[in-house]
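Letters A, B, C and D name the chains as they come in the text, with residue numbers starting at 1 for each one.
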Amino acid sequence: MKLDKSLVVMLGLLVAIFAASPWIPQWILFIITLAGANGLVVLGLMLFMRLGLVSFGQALFFCAGAYTTGMLSLLLKVSDIILLMVASGIIAGLLAYLLGFLLAKYRAIFFGLLSLAFSMILYGVLVKSETLGSTDGFTVSGLTILGLVPDPTQMKIVLFGITIIVVMASLLFVNMVLKSPRGLLLTAIRDNEIRAEYMGASAKSTIHLIYVIAGVLSGFGGAIAAMVSGHIDPNMTFWTTSGEFVFIAILGGIGSVSAPFIGALIFGVIQTIAYGYSPNTWQMTIGICLIAVILVLPDGLWSLMAKMRKNSRV
Amino acid sequence: MSNLLIVLIDGINYAAWLFISAVGLTLIYGVMRVLNVAHASFYAFGCYVAVTLAGFWFSHNYPPHLSFFALFGASFVAGFIVGWILERFLLRYQYAKDEVVILLITYAVFLILDDVLKLIWGVDPYYASDPYELLGNFSVGEMIYPNYYLLMVGAALILGLGLTYMLKMTRSGKLLVSVIHDREISSAMGINVGRFFSLTFSFGCALAAIAGGITTPTISVVPGLGVDVIVLSFAVVVTGGLGSLPGTALAAIIMGVVRSFCVHYVPQLELFVIFSVMALVLVFRPRGLFSLAEARKI
Amino acid sequence: MFSKKLLATLVLGASFGTAQAQAPAAPAAPAAPAELRIGIVSFLSGPGAAPFGVPARNTAEMLADAFNNAKAPAPYNVKGFGGMPVKLVVIDEAGSPTNVVTEYRNLVQRDKVDIVIGYVSSGNCLAVAPIAEELKTLTLMYDCGSPRLFEESPKKYVFRAVNHATADSVGAALYIKAIKPNAKTYSGLNQNYAFGQDSWSDFQGAVKMVMPQLQEKTSQMPKLFAGQYSAEISSLLESKADVIHSSIWGGDMEAFILQAGPRGLFKQSSVILTGGEVSMFRLGTKIPEGTIIGSRGPYGVYAPKSALNDWYRSTVIDRYNAPPNLAAYQMAHTFMATKLAFEKALAANGGNKPNSDQIADAMRGMTYEGPGGIHKFNLSNGHQATAEMVYGRVKHVNGQIQLVDQKRFTPDQVMPPDGVKAADWMASKKQ
Amino acid sequence: MSKIILTAHNLNKSFGAVTAASEINVDVAEGSCIGLIGTNGAGKTTFVNMITGYLKPDTGVITFNGVDITSLPPRKITQLGICRSFQIPQLYNTMTALENLEVSFGIIALQESKGALTTSSKAIIPSYGKTIRELALESIEKYGLLQYKDQATKILPGGVRKVLDIAMAMSTRPKILFLDEPTSGVSAEEKFDMMDMIMQVIRDAGTTVLFVEHDMEVVMRYSQRVLAFYEGKIIADDHPDIALKDDRVLKYIVGHSQAQHVLAEKSDA
């Protein structure tokens, strides 16, 4: 399978960052790790956008992943990071597989809003579940890896490493899917579903497949977020969280599999600057950035990167 | 056991509020295919305008009963103006973009306006409950209700019927409907679609603001009070079938009454009721209760 | 190459990050090594801002100035913190707990604050506490009420200088017993989220403990920030309960009072607003007579008469022309406790700037006096302070409201004994 | 007489009050080339839509090689070997002409690999013995679209869009191909060259073809059999020479003069 240049660069970059991680200030490391988690969710959204669909409820699977991790470690005392990751991915994937039967029938705004409804129902359920701390949620702690119990600082590095690995694997996997004939089919379905059907393709099962893939990715994202921030709560499935993911997707653009992660990172930086720099008007700052991107870079930051690459070659 | 009449009254009252809050959203979507998240900010804006004016009005002891017109009128006009500005200088140039992208633009506008309101009015709550108490009460059995609830139901009816009349009976209304059905043809027929759009958008925002104005006397106006409203309005509008007035009305009534039943008989479920109704309806009627017709594909 | 671009953005982020450390407070002076940096995290936006976040931040800024200029009365008359000028870094608590955790890390690791004071939402407290332990940073929760903070795992660097929420409910039950001994039934209206649910179950527990004959009728749990309570009010009216408990706060509480007042709910039942003090002065006589108002401690109008309290009240009123509410008092207490502990540790450390462990040691089990009177860090191995609890009833006196029938309850009446979980305590004392 | 591969038996379809198809009975012999004529709304496209699965007949049975395909979804019918072109070309407008064809072959590649995620665009499609790219280029060339191959389809001229639409339909190697008004929107001078080319390709592929057409010259030139639709019914089903002389056909569909003119031309040729 051929990797295009940008992907190779991205992978190289990830390795480089990981190698440098001991020297990166903790707070930046934290932002990058969270960006990785968000990026995984947005990678799924990006696949949806290739299909011409936007989900305003993807946080549902992000949250499902996080709570799988949280509840396994809280109730069943499972503490192994890798085990928790896998479990979260599987549970989120299963959930997506089931909901997919329904949602694959929906298009345009209705797809987005029905997924919103489901995520808000989960929100309601979690808020009502007082044993899980309702809106307070609960903390995830005492993680181990392969039987080892790293101290907090090592744990940061370990989680960072795991994140990097999961991100790289997802990048390669999604890249493979997009490079396969299915990749072009996604755009075809967006452009003209009826024609694609008449050529013998099933839009419904294609969408269902993508829905599951996005679900699993979001599950991983949720698990990482839960382990890194050490706390989970129903907010993770609130509509504003889904909104953030869509924001990042727009920010990054759908031009490349790397775009969601660039977007997530920039978003992390924008957000933390906005919080600190204008504590009273950070919402406005974020809003202005969003409009700016939509107006100036309709194809997301990625298009900017792409342009620069062209120029640097010339 | 609550008696059904009470349950119904509460339900209808909530339905009226839902409808008032959502009608602007559905109008804008129906005509422009724009799902306007900034609706929330205009609702909040309406509240702040109304509450400010009310304070002024009653401190100067102007005729109290005129306060209603003043309040609602003021929020309506304010909403209309800001809406017009927004359409004229930002949205007008975006219609070519995808439905979802426009939605995100309005989301950004919502984020910005929310902070603008905070910069203007600060974070302190304001209230103006005089109009609410002004009208006295009526009682059902020994249950006391403020007549203001009747006013809200009345307002909902007036808005609903008024808009229906405008769309069905008046000339510009009919033109609007033709725009709804086919932009290209209408503009080809020399209808100034652009003007209809900015009018509709401003009017929709004005409706959001007036909703805030009508709600103000019953609440305390605090930062971020629009957020909750927009999510509810979404649920109502989508359940009703995006862009359908009767749909919105029916959805509001269903949700209002179902919610009231929950509150009276199973309070635990109140939290899910709205979105469960929405999901349920969408499962069986994917495009909502009353969906707009779709054109033949091939 | 976009990789350069990416690194550039990162660096940019970092530099901005450090740049903004100076930005929020007093942008003039660059960070001098001799200063003490305190992070203040509180709601500056959203519904939590007006009732809690902003009054608390105002008090923090007022006190910081007063201390830096040595304007405060004894025992807080030492300049700054033990001579070191304090410098506040204020950030918004809004956003998801994940954001809040991120910003906490930024405060400590990027902005290099020595101490963090903040957090209204119990969710945020519970999310931040483990990080505080991990980063070994002294962190004081000034308002959030969840007893879970110390019950789930003992903390080394996390403190709470004021009562936790159990005091609200137990105090309320005790007050009912005192003024309405022959009440028969009670209902509740609490917002449907962790705090509302906990307050309600606490109150249920407290009732069983204090006056078990009280029968529960209905419990209404409207959505947080719902704003419309017509149906809930009807249901409460129908329940005809003698007592109605509500921990509702902020705009929701005001909306509830405005909507329920004209419908005679307050005439029919005696309504307890455990957090009522927050909006008392804004609503004035809109709060019907007989309403029972709580304040999670001897705060606001319940504060005992003292020179310190007079100074605090007047200075706040002068500066912000509004009296300090319970959140402001909680911040004042937390801030002052920090100052005392710091200065104690400084002395113990031979005048050198103490580290978190030393300040924590100094604070553990400390007794201090604030505008709200004497507080003791005597629970959860000296990390959780306790104070007396006060309730009173609203009376309209020529257009003003006064709180009459005030009853004061000692800390051990309203807070569980050391080492006992609040819930277990109430269960154990059940008849 | 070659074998019957498609039978439509007693098809009825109505939209509310409008009867779009009534009592339609048709047998299609392998390798035949049939013209469907009739005024607008006579039921031609409805007939095509029913066979190709876009519409489900109210009553009636459609069989293809003995298999009942009534109310199968379009993609199943395509997979069985019936494909169609469209009155308004249905293309993927954000893609280039070449990509439009790559999608079609890509779908086939996916079907043959049972939709495996690992399906590669570079691999050879077993039943075609070529890669997606090769096949796409091949048909681009075969249909004379080489100069347009890298242009976005939304800017292509009408005639080219028509051809591409048909090329895509043919990419599935159908046994039966329906053409819905292939010459509509194509200029008079291009018309015949285009049809000659397309019909040549179709004949070489041995595909049975049914085409909806308003232009009687085109019908005469290519069809060995004509189905004349009127108000949802088939009012004539015969060799064009006879069908076009049928009174009702003359009355309802083609004016006398045009018919004579067309027949005359044919006899000259």
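Here are a few things to note about the model shown:
Heads up, the rule we're going with is that a contact is a pair of C-beta atoms (placed from the backbone, for glycine too) under 8 Å apart; a residue touches a chain by one contact, two chains touch by 3 or more.
Predicted model only: the values in this text are computed from it and were never measured.
More C-beta pairs in contact connect the chains of A-C than those of the other pair, out of A-C and A-D. Ranking every chain by how far its Cα centroid lies from the centroid of chain B, the top place goes to D.
Chain centres here are Cα averages; for chain A and chain C they lie 35 Å apart.
Taking each chain's centre as the mean of its C-alpha atoms, chain A lies 44 Å from chain D. As a whole-number value, the distance joining the C-alpha centres of chain A and chain B reads 33 Å.
If you average the Cα atoms of chain C and of chain D, the two centres end up 75 Å apart. Shared interface positions of chain B, defined as residues touching 2 or more other chains, are 115, 118, 268, 271, 298.
Within chain D, residues 54, 86, 90 each touch two or more of the remaining chains. Listed for chain C are residues 44-45, 192, each touching two or more other chains.
Those residues of chain A whose C-beta lies close enough to touch chain D in the complex are 1, 176-177, 179-185, 187-188, 190-192, 194-202, 205. Against chain B, in their complex, chain A makes its touches with residues 54, 102, 105-106, 108-110, 112-114, 116-118, 120-121, 124-125, 127-128, 194, 239, 243, 246-247, 250, 280-281, 283-284, 286-288, 290-291, 294, 298.
Residues 2, 6-7, 9-11, 13-14, 17, 115, 118, 123-125, 127, 129, 132-133, 137, 143-146, 149, 215, 217-225, 227-229, 259-260, 263-264, 267-268, 270-271 of chain B touch chain C in their complex. By the touch criterion given at the top, residues 44-47, 49-51, 53-54, 192, 218-223, 225-228, 230-232, 234-235, 237-238, 250-251, 254-255, 258-259, 262-264, 279, 282-283, 286 of chain C touch chain B in their complex. The touching residues of chain B, counted against chain A in their complex, run 35, 90, 97, 99-101, 103-105, 107-112, 114-116, 118-119, 231, 234-235, 238, 242, 268, 271-272, 275-276, 278-279, 282-283, 286-287, 297-298.
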